[in-house]
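Okay, so chain A shows up in both of these, paired with chain B first and chain C after.
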Partner chain A sequence: MLKLFEHNTLNVNDINKDQTAVEVKNLSLWFGNKQVLNDISMRIPRNKITALIGQSGCGKSTLISCFNRLNDLYDGCKYEGEIIIDERNINSRKVNVSRLRTNVGMVFQRPNPFPMSIYENVCYGLKLQGVKIRRHLDDAVEGALKQAALWDEVKDRLFESAHALSGGQQQRLVIARALALKPDILLLDEPTSALDPLTTLFIEELMDALKKQCTIIIVTHNMQQAARVSDYTAFFHQGRLIEYADSDTLFTMPEKKQTEDYITGRYG
Partner chain B sequence: MVNRTTFGISAVQRQSLVISLTAFFTSLLLIALVSVLILISFRGTAYFWPEPIYMVTGTHHDGTTFSVLANVFDEPANEDVTLKYSDTEHPYGFQIQLSREEIDTSLLANESAEIKLLDGRRVLAIPEHIVVPSKPPQTLDKIDAIIEDVAQISAQIEELNTRHLASIHEALSQFDKRDVVADAPARERLVASFKEYQKRVEVLEKTRAEYTLSVSFADGAPFIIPISSIQDVDFVSRLSTFEKWKVVLSEVGVFLSDSPKQANTSGGVFPALFGTILMVFLMTIIVTPFGVLAAIYLSEYAPNTALTTIIRVSVSNMAGVPSIVYGVFGLGFFVYTLGGSIDELLFSETLPAPTMGSPGVFWAALTMAILTLPVVIVATEEGLRRVPEGLKAGSYALGATKIETIVRTVLPIASPGIMTGVILAIARAAGEVAPLMLVGAVKFAPTLPIDGEFPYLHLDRQFMHLGVLIYDGAFHSQTDGKSASMMFAACLLLLVVVFVLNILAVVLRARLRKRYLKG
Partner chain C sequence: MRQVALNTHISGTFNIELENLRNSVLTMGGEVEKQLVDTLKAVKHNHAALAEKVVLNDLKINSMEIQIDEECLRIIAKRHPTASDLRLIMTISKAITDIERMGDEIERIAKLVTRNKLPSSDTIKSSMLLIGERVAAMMRGTFDAFARQDEAAALEVYDQDNRIDSEYKRLLSYTTSEMQKSTEDMQDWLDVLWAMRSLERIGDRCKNVCEYVVYLTRGTDVRHTPLENIQQKLEDLT
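On to the complex of A and B.
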C-alpha cells in the first residue's frame, strides 16, 4: 500500500551514473587490526529508499557511517577504496567533512535531541553555518518540522525542552533537525528500534514521503520493515556485501542461500 | 532458620551486629558535626546578645570590699564566677574571676547602661544626664537624638579636614617644591584661608567637646564621656526580649559593616569579609577558565597514552599537597620572582620599595587558584565524561566541528559538573589560612583593596581574611574571653558564607541539571 511509486524500480545492475546518489567502490575498513568491511562495491540510487540488512556486527552501521565520515571520530579507524557522492570521492583528505555532513544527514538508533528547546534543536545545524536572521531560522524550523510531520504537535511549544517530547516525537525531531539542512542523503541507523509499533509505522510513512526530496539509506534489523519501506535492499554478512537487489526480488527470490536463510529467520 | 542457640554468633546476629556498628559510627559522626554547629552558633551568637548588668557587692578574701557594675557569667559547672565590670579604676572594662563566697549581693541594675564607644570599648555605668552647650542638662531619653547631632558636627569637621584643609595643604607643598617666596600674595592668601578653615574646625571641635554624658559607677564616682566617642547607649538590664533582639540586629549590622577595633577583639569584621569575598572572587575568575580548559584538553583532545594517565594522576595528587607548600610556592615564585620582575620592568622608579613584589591580594588569589586547580579539573573531567556519546555524534552529524561540539553541546551539559568543582574550590579558598598569611593576608589592613582612588582595584594591597582573623582571635582568646566570642562570631560568619555559597551552587547546579540533563 505504501509503495505507490514502485513501477520504476530498476535492476541494481542497471542503475546508471545519473541515477546514483552514492557509489561505493572497493571499500574496506579496519578498526585497529579488525577488518569490518571487506571490498564493498555498490551503487545506491537517488531518491529511493535503500535498506541495509544483516546480523549485528556485519558492518552495515559502519558502512553508513562511512557516508558522512562519522567513523573518523574513532581512534584506529582506517579505510581504503572510494565513496563517490556528487562526483567527488568523499574519502579524500581534501573533503570538507563539516560540509559533507550537512549534505548527508544522519539519524541514530536512540533519539538524541540536544538538551535545548525544540526550536534550538532544529536550527542547531543552521546556526553552525552562520544563519542568524531570525526570519530565516523561523521559516527553516517550520519547514523542517512540517516535513517531519511534527509541526502540528509542537507548534505551540517550540521553546520548551525537547526532552519533554515522547520517544517517537523525539525521533521525528531528530529527523527534522537533519532535514533543516536540506540534505541530499539521509542516513537512518535503526531509527525505529527504540520505538513502539505504531510510532514505527508513522516514521515509515514519513520516510516514504521524504524520498521525493532525498535519498534514504536505512539500516534495520526488522525484515518486515525492510520489505515494507525499501525499494532496494542489501544483505551483508561478516563485512561483505552478499546480495543487493530491488527489495521485491531479494525478499521473494533471493539468489544466495545465505540471504534466504537470513530472511526466513533460519539464523541471525 | 539457623539454630540461634548454638555457640558463637548466628548469621542473623552477625548481620545485625554489622548494622549496629556502622550505625554507631554514623551517629558518632553526626554527633561531632552537630556539636560543632551548636558550639559555633551558640558561642557566636552570644557575642551579639546583650548581657544584663548587675550591681555586685562583696568582700575580697583580704577584707577589702568592692561594689561594681558588671556582666556576670555564673556557670554552675565552674567554681568561679566571671565578672566583666567597670569602675573608676577600669572605666573601659576589666575581667576578674571571683569565688562565690566573695560575692555578697548581686542585683539587676535597672538604671545602668552599656555604653558602646566608637573605638570598640565599652563602659558599664549609670547614666545621669547629658550636658549640651548653652542649654540646661538634658534628660537621657534624648540620647539618640543628641548622638545624631554630634555625629553631624563630626561629619562637618571631617569634611573640612579632608576637602578643604587637605587641598590647601597640597597646594602649599606645591609652592614649597617650586620655591615660591614665603610672602608671595597667592601663598599668603592660601595661608590665610588655611587659618580660616582651621579656626572653623577648632570652633566646631570645641562645641563638640561640650557635649558630654555624665555617668556614675556603682560606688557613685562620677565619670564623663564625650558624646562624640559614643556609638550607642543600651539600657540592657531593662530590655524586653524583643528589644534585646533589636540590639542583636544592630550589633550584627555593626559586626558586618564596621572595621575591627582594639586589635581585632571588638568592632566588626567588614574588611575581613570583604577581603575574603574579593580574594575568592578573583580566584574564581582565574581558576575557572584554567581548570575548564585543562580538563577539556585532558578529556577531549589528549591522546590516550601513558603520559596522559601520568598527568591525570598527578593532577589528582596535587589536591593532596599540604596547603602551606602552595603558600611557600606563592611567596617564592609569584611574589618574589614574578612580582619582583614586574617591579623591575614597570615600577622601576619606586624601587627598592616594592609595588607588586610584596604580598598582596592578587598573589593570594593566584596562589589559591593553583591550590584549587586540581579540584576544578577533576570535577570538570567528571562532568565531561558524563556527556552521552550519542549527543556528541548527533552534533558532529549536523556538521559541527570538534570545537563547536564542545562549546555548544558538551560544555552546557557538563556545566553542573564544572559548577561543582568551582564551588568546592570556593569553599576551600574561603576557609584556607596558612598559605594566605604568606602571600598577602594580614591581621589588620589599614585600607581596603578597593577604594575611590585610581585604579580603584588595588591588586597589590594586602588584605584581611576571615580565616586569618579567626586565627588571630584564637591567640587573644587565651587571655581574654571577650575576643573569644568575637572569634566564634567570625567563625559563624565564615560558616554562613561557605554555607550560602554552597546553597547557591546547589541551586544553580540543580537548575543547570534540570535544563541540560534528562528529567
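On to the complex of A and C.
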C-alpha cells in the first residue's frame, strides 16, 4: 500500500544502545531529606529533540541538571543509579566534570551572556581549554554563530558588548557559546520562556537544525512547544517518570490517564 | 481571494508538513480521477479485467483517506494551526471524505462491469458515458481549483453540476420508460439506475470540494447556498 507520509520516530522501547545519547538507569536523587527524583529509567535518543514536561517541582530541571552534574554544586545533594553517556557512568567519582560539561552544554531560561564582547563570549570556553591561535578562535566563533543563526546579524559588530543584543539574540549567543565547544548533547532549560512568540519560533527552528549535530534535551513548561519541536516527550510528576513516548503518540494518544489529564489541561 | 501560503512559516518542518499534506490530497485525487477514467473505459469496451482492477484499487484510496486523516490529526495536535492553516487542514479533512466517497461510487459502477450488468441499450450506455466524461472533467477542474486555491475556478466547476443534474434527469426518465417496456430484468435495470445515480453523486461530491475551496480562500462557509447567493456573499466580503 502506498505510504503517503514518512515519520521516522522509533518507539522508545526500540531505541537501542547505539541510538542512545543518554541512558538513565534507576536514578533517584535527594536534596537533603527530600527525594526529588524517584527511580527514573529512560533512553534518550541521539540526534533527536527530547522534551521533559510536567508541573513545577516535578523534577524535570533537576533531571537535566544531572546530565552535566550541575547538581553537584548544591550541598546535601545525593543520588543513586547511573547515567550513561558515551558508555561511561557520569555519576562515577572518576569522571572529569569539566570535560563532561564541555561535552554536555547547557542553556538556561534567561540569556546569560558574560559582560564582554560577542566574540569573547563565544570563544570563552575555548580559551579556557587553552586554544590560543587566533585563526582557530576566529573560525570557531564564525562557525558557532552561523550554527546559532546569529552570524549575519552580528558579523559586523563582533567586538561590541553582548549586552547590546536583543533578548532573542542573546539567547542565540548563549547557544553559540555552548556550540563553540562542539558538544554532543545540548541541554536547554526553558530556553524561550523569557522570549516573545516570534523569537521563540526562531529558536525552535534553530533547535530543529541543530539536532543534526547534537542531541537536544529541552525542559519546557509550554506543552505546545514540546509538541511542536520534540521528537520524544517525557512527562514527570512528583519526581516520577509517568510516561515517555514519541511525541506524535504522546500528544495524540497518551497511554496514561495522568498524562492525558496534564496535556489536556484537566490536571487537578 | 487570499491564497494560503504554505511555505512562509518560520518553521521549515511545518512548511514541509503542510506541503506534503496538500500534495497527498492531490495524489489521492489523481488516483480517483484515474479510477473514473478506467471505469468509463471498462464500461465502453465491457472490459471486465480493467473493472476488476478498479475494484481492487479502491482499497488504496481508502488507505489514503485514513493516512491523510491521521496526518491532519497529528498536525493539529502538534502544531496547533490557526487561521488559514487551520482552514487548510479542516478543508483537507472534509475534502478527503468526499474524495473517498467518489472512489466508492466509481467502485460501484466498476462492479457492474465485472458482473456484466451493463445497460444493453446503446442509447443508455452512450448517454451514461457522456455524463461520465462530464463528471471526469468536473473532477479534474475541482482538483485544479484546490491545487491553485482558485475560488473563481471552483465556482465555475460548481456550476457544471447543474448541467450534469439535468442530463441525469433526462437519462433517468428515458431509462424508466425503457424499463416499463421490459419488466423481466428488473434487478438489472435497478443496477443500471444505481450506476447512473453514482455518476451524478460524484458530481455532487465535486461540488462539495469546490465549496471547501471557497471556504479555504475566503473563510466563509458557502455550503447549502445557491450559486447566485454564493457570488453575492463573496462580493459582499470584498
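Simple rule for what comes next: the second predicted complex is superposed on the first by the 261 of 268 C-alpha atoms of A that agree within 3 Å, B and C clash if a C-alpha of one lies under 4 Å from a C-alpha of the other, contacts with A are read in each partner's own complex, and residues count from 1 in each chain.
In this section, contacts are C-beta pairs under 8 Å (C-beta built on N, C-alpha and C of every residue); 3 or more make two chains touch, one makes a residue touch a chain.
On a predicted model such as this, the values are computed, not experimentally measured, just so you know.
Of the two partner chains placed around the shared chain by superposition, chain B is the only one that A:H163 touches, whereas chain C remains out of contact.
With both structures placed on the common chain, the touch criterion links A:I133 to neither chain B nor chain C. Judged by the touch definition given at the top, the superposed model places A:T102 against chain B, while chain C stays out of reach. Contact with chain B, but none with chain C, is seen for A:P115 once the two complexes are overlaid on the shared chain. Put simply, more of the residues of chain A are touched by B, taking chain B and chain C as the two choices. In the superposition on chain A, A:A227 makes contact with chain C only, not with chain B.
In the superposed model, A:E204 lies in contact with chain C only, and not with chain B.
In the superposition on chain A, contact is made by A:S247 with chain C only, not with chain B. Applying the stated touch rule to the two superposed structures, the chain B and chain C interfaces on chain A have no residue in common. Contacts from chain B toward chain A in the complex involve residues 304, 388, 390-401, 404, 408-409, 412-413, 515-519. Listed in rising order, the residues of chain A touching chain C in the complex are 1-5, 7, 198, 201-202, 204-205, 208, 224, 227-228, 247-248, 251-252.
Across the complex, chain B is touched by residues 68, 70, 73, 75, 98-99, 101-102, 105-106, 108, 110, 112-115, 124-125, 128-129, 161, 163, 174, 177-178, 181 of chain A. Taken together, the chain C residues at the contact with chain A in this complex read 10-14, 20, 24, 27, 59-60, 63-64, 67-68, 71, 73-74, 77-80.
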